[in-house]
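Structures for review follow.
Look for subunit A in each of the two complexes below; its partner is subunit B in the first and subunit C in the second.
Moving on to the complex of A and B:
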């Protein structure tokens, strides 16, 4: 607990400076005001009637969709790229070219292609998560000690056995690293992605942008804290899942 | 069981530099059922390559390897290979590692578990069944690797410096363990080592290879009964002679001849 003490002190200092009137609350609301704003988000909603839990559910849904898509495509492709050098040679120049483009730079073209709505939002989130998942999976396969493949061969393993009994479990630690990084990036692109995908009028990104439109910095900051906490929780859950399915580390 | 190596020759080709390095110049070898053969030679003389050729892992080489008259074309369970670095699957428990080959053969869960447990018991590893390799000592890991090969009932067991990374006490224990196993189970073993003491303690026949490119310099038959006294006069004589040959090879290597 002791390591959270500096954070606690900072919050106290922040509250103190606000109470003493150093910052006007339309610039930097105090922690207490932010907590009140959080309550308002829960009960009244932003815009009014659009309650917080709905925003959270919509955001989770979009991130879940984009992230799942990234895993469903990224993991198998990564395994193939790691195992077959031809595959690697085929895809790596394309990936090298596309990967440096930030996911957010895709927003305009995503809107042109997919329109404003969930499809563009999911596409942006997918782009953010896809490359970390893909590249970590591929490097996981490449890092498997070739001697393990030889050992499997001397035990009569076919290509299929090698794939499922050596490559997949052997690259699992890297796949998880990729998934955690991918999830982090996905969650980070969420707010921007929701600039494009808010036809429904829900989403944490949409919520804080609306709060900005009507000059509510307390609700913006409360929204930011919620995004951060959910991101932290998801990462914690992924780590828990990771250690439960690979106990050998 | 009869294993025959005919005119084995291996050249590594470095495609980038277009350079060819000869690793094995010429090796003929015959191994009879139940023999324990050690192959000794200077470091980097192609001993590991030779085992990889016999096991079928190495595809491009000249010459032929016959097991009971059948040419070995690809790795299979009849020729087991035990690696120096154990090569256990880190994500599998001891029991699951030993079961791997049976699992690949499609043997049912309960049956292979009970087969593996039999090995675990007879190898004195009870209580560690569900431990992962990283939780086991080096000696124990190597016993798991040996069990994993033997459970497949191989006709010949190839061992590539299996005790090379163990401390000397564990190494002695493992040599005795292996000797015991060989006597009880009538195994045929080809054992690569650069430790002459080990070769003399274990083998019926010791094949001394030259420096790279490898060829057979001498072969010693050594039929004294087991368990052997590591310091008997015969053992010492053979050891002295082999060490002498190897020293000459090393000097030649240094002089670049």
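Moving on to the complex of A and C:
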């Protein structure tokens, strides 16, 4: 409980300052206004009729697809790049060229290539998550102590044994770091990608932009809090999963 | 460490002194004005700038922002970054009703001037044919959003309902061309541009949806107007002169519009035929906007009359 005390004190101070009129509500809504806005998002929706739970489900669906694709492609490629120097040399220039381009810069071209809707959104999210997953996986392989590999060879381990019984377990900590970072970036990218061209009419980013259109800063901040809480929860789940499959730690 | 702290304090103190010094100088600050990018409705502002109508009135105007939609522009008022602006009536009403901006409507800028555009090969021939289509609007609580809801009273998720998607007008033409959307509703000159580019055709002008509907207005920040009433009057004179100029010399007005939009003369001419420039505020139209916005749940008002007194200068 003690570790949340500073946060609680900050919220109390915020409410006090708002109640005393230091901040107009259109500049910084108070915590109570944000809680009321949260209730409105649950019961009325933003835009009216588009309830919060649907926005959350659509956003989770998009990020789930994009992140899964990033892991499905990024982890195997990262393992290969880490283990085979020729793979690393082959792919590294392309990756270093594409990686610095912000995912959001891809939005206009993604819409032209893939249209408005789930495909372009998943593509943008994939781009956000892919590089952290890939590079941390490769880094994990490269950081494995060569003595472990030599020891396995001494015990007549095949390449397949070395890959699955030494490399993969040894890289797991880095893989999970990459996944956590990738998920964070995916979540941030999702919200911005939903700012425009959301076909289904649902998504947390879309909800926030609509709240902006209708001049509801309380609902904007409520939406931001929801995004933060969901991101926190996802990261916690990833850490729990990591603990469960790394019993040696 | 102690020295660093002393230096930081001294620097901070200097900044405060500089700020206080500047605040003592009686400023002749230009009026911070904004408008919407490529919105032909805001031609009176462009004409006033190009023909020197503000200078004639002894007023300096600086363009403090060019925005892609009305709600974005109203956020700038919330931030205290604007004194006046040309903007859609719907976002202005929404911002005032929801307490995020304290502006008043000085004058009308135009009535009508939007259109529903469908693909050039579309088989739809009437508004009632817009069933199950994906139609783009510039944003919720924009004039075009209200026009669409007036034209299609029940846009909904039902299988034959109209599916609304929010896009910025410059993106709508490309989306229509690649069949990402089936139609869009936007302010001129984007409907005219879609026709010029051979991408779309006009299904219905906004005049057919709602004759003489008010569209854009000239608004002023209330606190600015209290301190600068004389400047506000002069701006209105320049605005009225611009509107008279557009009516009297449309060919010259077209050239100004070409400069500010970068579009060709054919597109601009076509667009301007759909726009009616006026300066008297359409009060009944404004009331109807307020009722629409209240009905959609975008705003809540306790008293329509007191709101009207608040929002009209």
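Just so we're on the same page, the second predicted complex is superposed on the first by the 247 of 249 C-alpha atoms of A that agree within 3 Å, B and C clash if a C-alpha of one lies under 4 Å from a C-alpha of the other, contacts with A are read in each partner's own complex, and residues count from 1 in each chain.
Assume a contact is a pair of C-beta atoms (placed from the backbone, for glycine too) under 8 Å apart; a residue touches a chain by one contact, two chains touch by 3 or more.
Worth saying up front: this structure is predicted, and the values here are computed from it rather than measured.
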Look at A:246 in the shared chain and tell me whether it touches subunit B only, subunit C only, both, or neither; answer first, second, both or neither.
first
Between subunit B and subunit C, whom does A:119 touch in the aligned arrangement: first, second, both, or neither?
neither
Where does A:206 make contact in the superposed view: on subunit B (first), on subunit C (second), on both, or on neither?
second
First (subunit B), second (subunit C), both or neither touched by A:215
second
With touch defined as at the start, can you tell me which subunit C residues reach subunit A in the complex?
69, 71-72, 74-75, 78, 91, 94-95, 98-101, 134, 139-142, 157, 163-168, 171, 174-175, 178, 180-181, 296-299
Interface residues, subunit B side, partner subunit A - complex
52, 55-57, 74-77, 79-81, 83, 85, 87-92, 100-101, 103-105, 132-134, 148-149, 152
Listed in rising order, the residues of subunit A that touch subunit C in the complex are 25-27, 44, 47-48, 111-112, 115-117, 196-199, 201, 206, 209-210, 212-217
Spell out the residues on subunit A that touch subunit B in their complex, using ranges where they run on.
145, 147-148, 150-158, 161, 165-166, 169-170, 172, 246-248
